[in-house]
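As written, the chains take the letters A, B and C, and residue 1 is the first residue of each chain.
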Amino acid sequence: MTTATTPTPREMTVIYNREDKIFRGIVTGGALTSLVVLGLIGLFLFLRGAQVFNDKGISFITGVNWTAGTGDGAILDDFSIGAMLVGTIVVSLIALVFAFPLAIGGALYLEFYAPTRVKKPLVTLLDLAASIPSLIFGLWGIEIFTRFGERWAILLSKWLGWIPIFNVQFENFGRSPFIAGCVLASLIVPITTSVAREVYSRTPRDLVDTCYALGGTKWGAIRSVVVPYGKSGVIGGAMLGLGRALGETVAVYLLLNLVFRYNFRILESEGGNVASLIATKFGEATEYEIKALVAAGFVLFLLTLVVNMTATTIVQRSTPRA
Amino acid sequence: MTATIAAPERPVAEPKTPWSPTRSSRIQTFTTLLIAGIVAGVLVLFTGVAGLDGFGVTFFVLSLALAVIRTARLGSKERTDMLMKVVVTSAAVLAFTPWLSIFGSVIFKGYVGIRPNFFTQDMGTTVPDDYLEFGGAIHAIVGSLLMVLIATVVTLPLGILSGVYLTEVRGRLSFLVRFVVQSMSGVPSIVAGLFIYTTLVFATDTFSGLAGALALAVLMLPTVARTSEEVLKLVPEDLRSAGYALGARQWRTAFMVVIPTVRSGLTTAAILGIARVVGETAPLLLTSLSNTVVRVNPVDGPMASLPTYIFGYLQIGTENAVLRAWTGSLVLLFIVLVLFTLARRFGGKDKR
Amino acid sequence: MSTSGPATTAMSAVVGAEANTFTGLETCGAHAWFGKHHALSDVSLKFPSRTVTGLIGPSGCGKSTFIRLLNRMHEFIPGAAMAGEVLHNGSDIYAPSVDAAVVRLKIGMVFQKPNPFPAMTIRENVLSGIKLAHLKKPNHDDIVEGCLTRAGLWKEVKDRLGASGGSLSGGQQQRLCIARSLAVEPEVLLMDEPCSALDPGSTLRIEETIKELAEKITVIIVTHNMQQASRVSDFCAFFLTDGGPGYLVEADATRKIFTNPSDSRTADYVQGKFG
């Protein structure tokens, strides 16, 4: 045995010379630009919107009206985004309700049911769908999908009209949160499906094999192993989709009538969301109204940031990288 | 001892897959689907159920019913398995249908306006509802290319630096950088537009192509940074070690060994970033607006782009204006498709 | 030769040199840690110039850790620590004033898996060290030919120097990596199981190369293959672990290790009784 007394370890750090220090400095600076930009976005939106927050206080978020004053004092400025926030959440939730099962189904199909010949082109189509601009989804929604959506809406109101959310006051089914939600659903299905597929594909093979070896069917294996294993990752993926739906502008702008009223009747032809409010009012806004729009943007920024950070944390935690 | 053992004569083995569906079960599946299809078709033609969607719903219900009948002799476990197979497959079909419908309708509606003048003329002297033989979108195409180019020039170095930080420098802030990049990719595009509006547009008091490009850059950065990291992560640790073992400094190893190894992967990062922003509309509505003539100076007032072109003519709403929007969408979708194909081509190129 | 003295004495006795005039590489009481894990304990060894030393022992006995300690590749592993001294021509390579990059220029390394730079041609691969370390050397053509010849690869590749390094076979790639290491004119070449990923034919070619290299430089080679150690090395060092940190059992002339080792465990190992 050669071990006698163990000496204390010498500190070992990689020492960089000047060239490498400069390199590391530049690279670190470059990497921190995202952080700086993100910080600046929050800072500038807050500063430019501060006056409105100051004037309105909490009622900026809870109020319903968005009225531009006449300037002569006959009608006063009254800007608040309560209705639009509700609209944002309603439309996004509708999208999520439709997108979630479809995405799970799509991901399970691609991972476990699709024949090899079909799988590859479908995965390509999935990736491609994720890069279709939302503007084209909006165009498709207004020109093609609305026809189908209106028919479903009529059926829903006819058979389920006794449920408050499916109730309608006016028999006008176009440009409703329901239709916008359906289009947003097809917009967020690609991202949610991709994440779900990724998570499902990481299910340990031996766990699935054990299920088969115990005489289980394919669905038995999926239900008892795959779905529980991927649960949190899939929820994270759905939240990423939700984040995208919350911030969507043009598709909602094209598909929804902007009406400043709390509306939970999803088949009614009125609604809106914060992002499309900004796009709509921006063109002919007064100086003060612009500030209000920027303030609205700040609220939207915070909302999506929270949703995305939560989603990121969940996804990162559930898919440990090797 | 040295004698070899002669192998007995045996017939050549033929590969078989006894576990794949047998002919009769395939025929059974096919017949089931055929029956469901025909019955659904008849229902759509002769009863109140209408349209493609009606057909789909009926088809789905019938498939479920037939699946129950087929598994009548088997246990409940098998029945559930069969039913879930129908449900999952239907969900997948339903998920994929809208995208196919989008591609189909964009091509079908857009090709009408694909004429030479669409790519050679602008809308400077043409009213929106004029015949499609007049006017075009060259100003929008040029504007889009220019803005995307500027955005790429700004973003690519920053994105790659971010990737290099995470894979080479591996500093203490790695976790934070990764987290921020991921969160930033979820910033709504309109917020990026507002940001540039409250800073650059506000300060210079002009809407411009440059402002639009910078708004796009904000949206592009996370994509490029994340893809760069993924790509650089693929460089085997061995190669860095080899560089260091030759007495190289870290920065020389990074620039002469690591980055050249994934050159085409980094090209993919740029392409994916471009594909991410080329169709962005909302931020441009607040920063570059739109115009009707070709403009190549990015600081000389409003500049059209394909998305704002499509958006604008769709808003006008007259027949030919909407057709122009569809044609613009076809061009935009084609560009996205080309970028997508390029990204795939380059993505598979780096070996090891 | 003493039968029970520490390994160092055995080795110095063979060389017959005093410590302070010793030229070559030596370690004095070297330890290595990965975080809390004590991987290697108290190794003192001398590697005289222009000799081949084989490091042998079962898996996990710390020989790879030890060889990476010799040119400061150890420190790239997060949490790594060491103790003791590694002296090259009498000066401590871990002294605070020493630039690790300069150390690695003098003490090169060839890895287990062939790793030519995929983005470079064969010629560029050979010259990569010169570019990477920013050395100013004239006559690049001569360097390419000289190094490839010494690595035993020149005849096979002289007509396709512009081809990618990845287009070569595994054995050729490994010889290209050797040529690449030679181009910066190291005094010591460390080889970490250089043949473990290669076929027997290629292994033989590399072994020939190693013997030729030893005419000019010091070679230290980690190997799992006892036959290889007996074929190529002048000296052998046998490492072992009892579950704790790896340690040096004995070091001596190869012939003695294989025929009449001082320690019974060495005898058992070289006869294939364990490991």
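Just so it is clear, a contact is a pair of C-beta atoms (placed from the backbone, for glycine too) under 8 Å apart; a residue touches a chain by one contact, two chains touch by 3 or more.
What you see is a predicted model; the values in this text were computed from it and never measured.
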| item | value |
| --- | --- |
| Chain closest to the assembly centre - both centres taken as Cα means | B |
| Chain whose mean Cα position lies farthest from chain C | A |
| CA centroid of chain A to CA centroid of chain B, Å | 16 |
| Whole-Å gap separating chain A and chain C, where each centre is the average of the chain's CA atoms | 55 |
| Euclidean distance of C-alpha centroids - chain B vs chain C, Å | 50 |
| Interface hub residues of chain C, defined as touching at least two other chains | 76, 101 |
| For chain A, residues contacting two or more additional chains | 17 |
| Contacts with two or more other chains, residues of chain B listed in rising order | 249 |
| Interface residues, chain B side, partner chain C - complex | 236, 238-239, 241-249, 252-253, 256-257, 260-261, 263, 350-352 |
| Residue ranges of chain C in contact with chain A within the complex | 6, 29, 31, 33, 38, 41-42, 74-76, 80-84, 94, 96, 99-101, 244-245, 247-249 |
| In the complex with chain A, residue positions of chain B that touch it | 50-53, 77-78, 80-81, 84-85, 87-92, 94-96, 98-102, 105-106, 109, 157-158, 160-162, 164-166, 168-169, 171, 173, 176-177, 179-192, 194-195, 197-199, 202, 218, 221-222, 225, 249-251, 254, 275-276, 278-282, 285-286, 307, 310-311, 314, 322, 325-326, 329, 332-333, 336-337, 339-340 |
| Residue ranges of chain C in contact with chain B within the complex | 71, 73, 76, 101-106, 108-109, 111, 113, 115, 117-120, 128-129, 131-134, 166, 177, 180-181, 184 |
| Chain A to chain C touching residues, read off their complex | 1-4, 6-15, 17 |
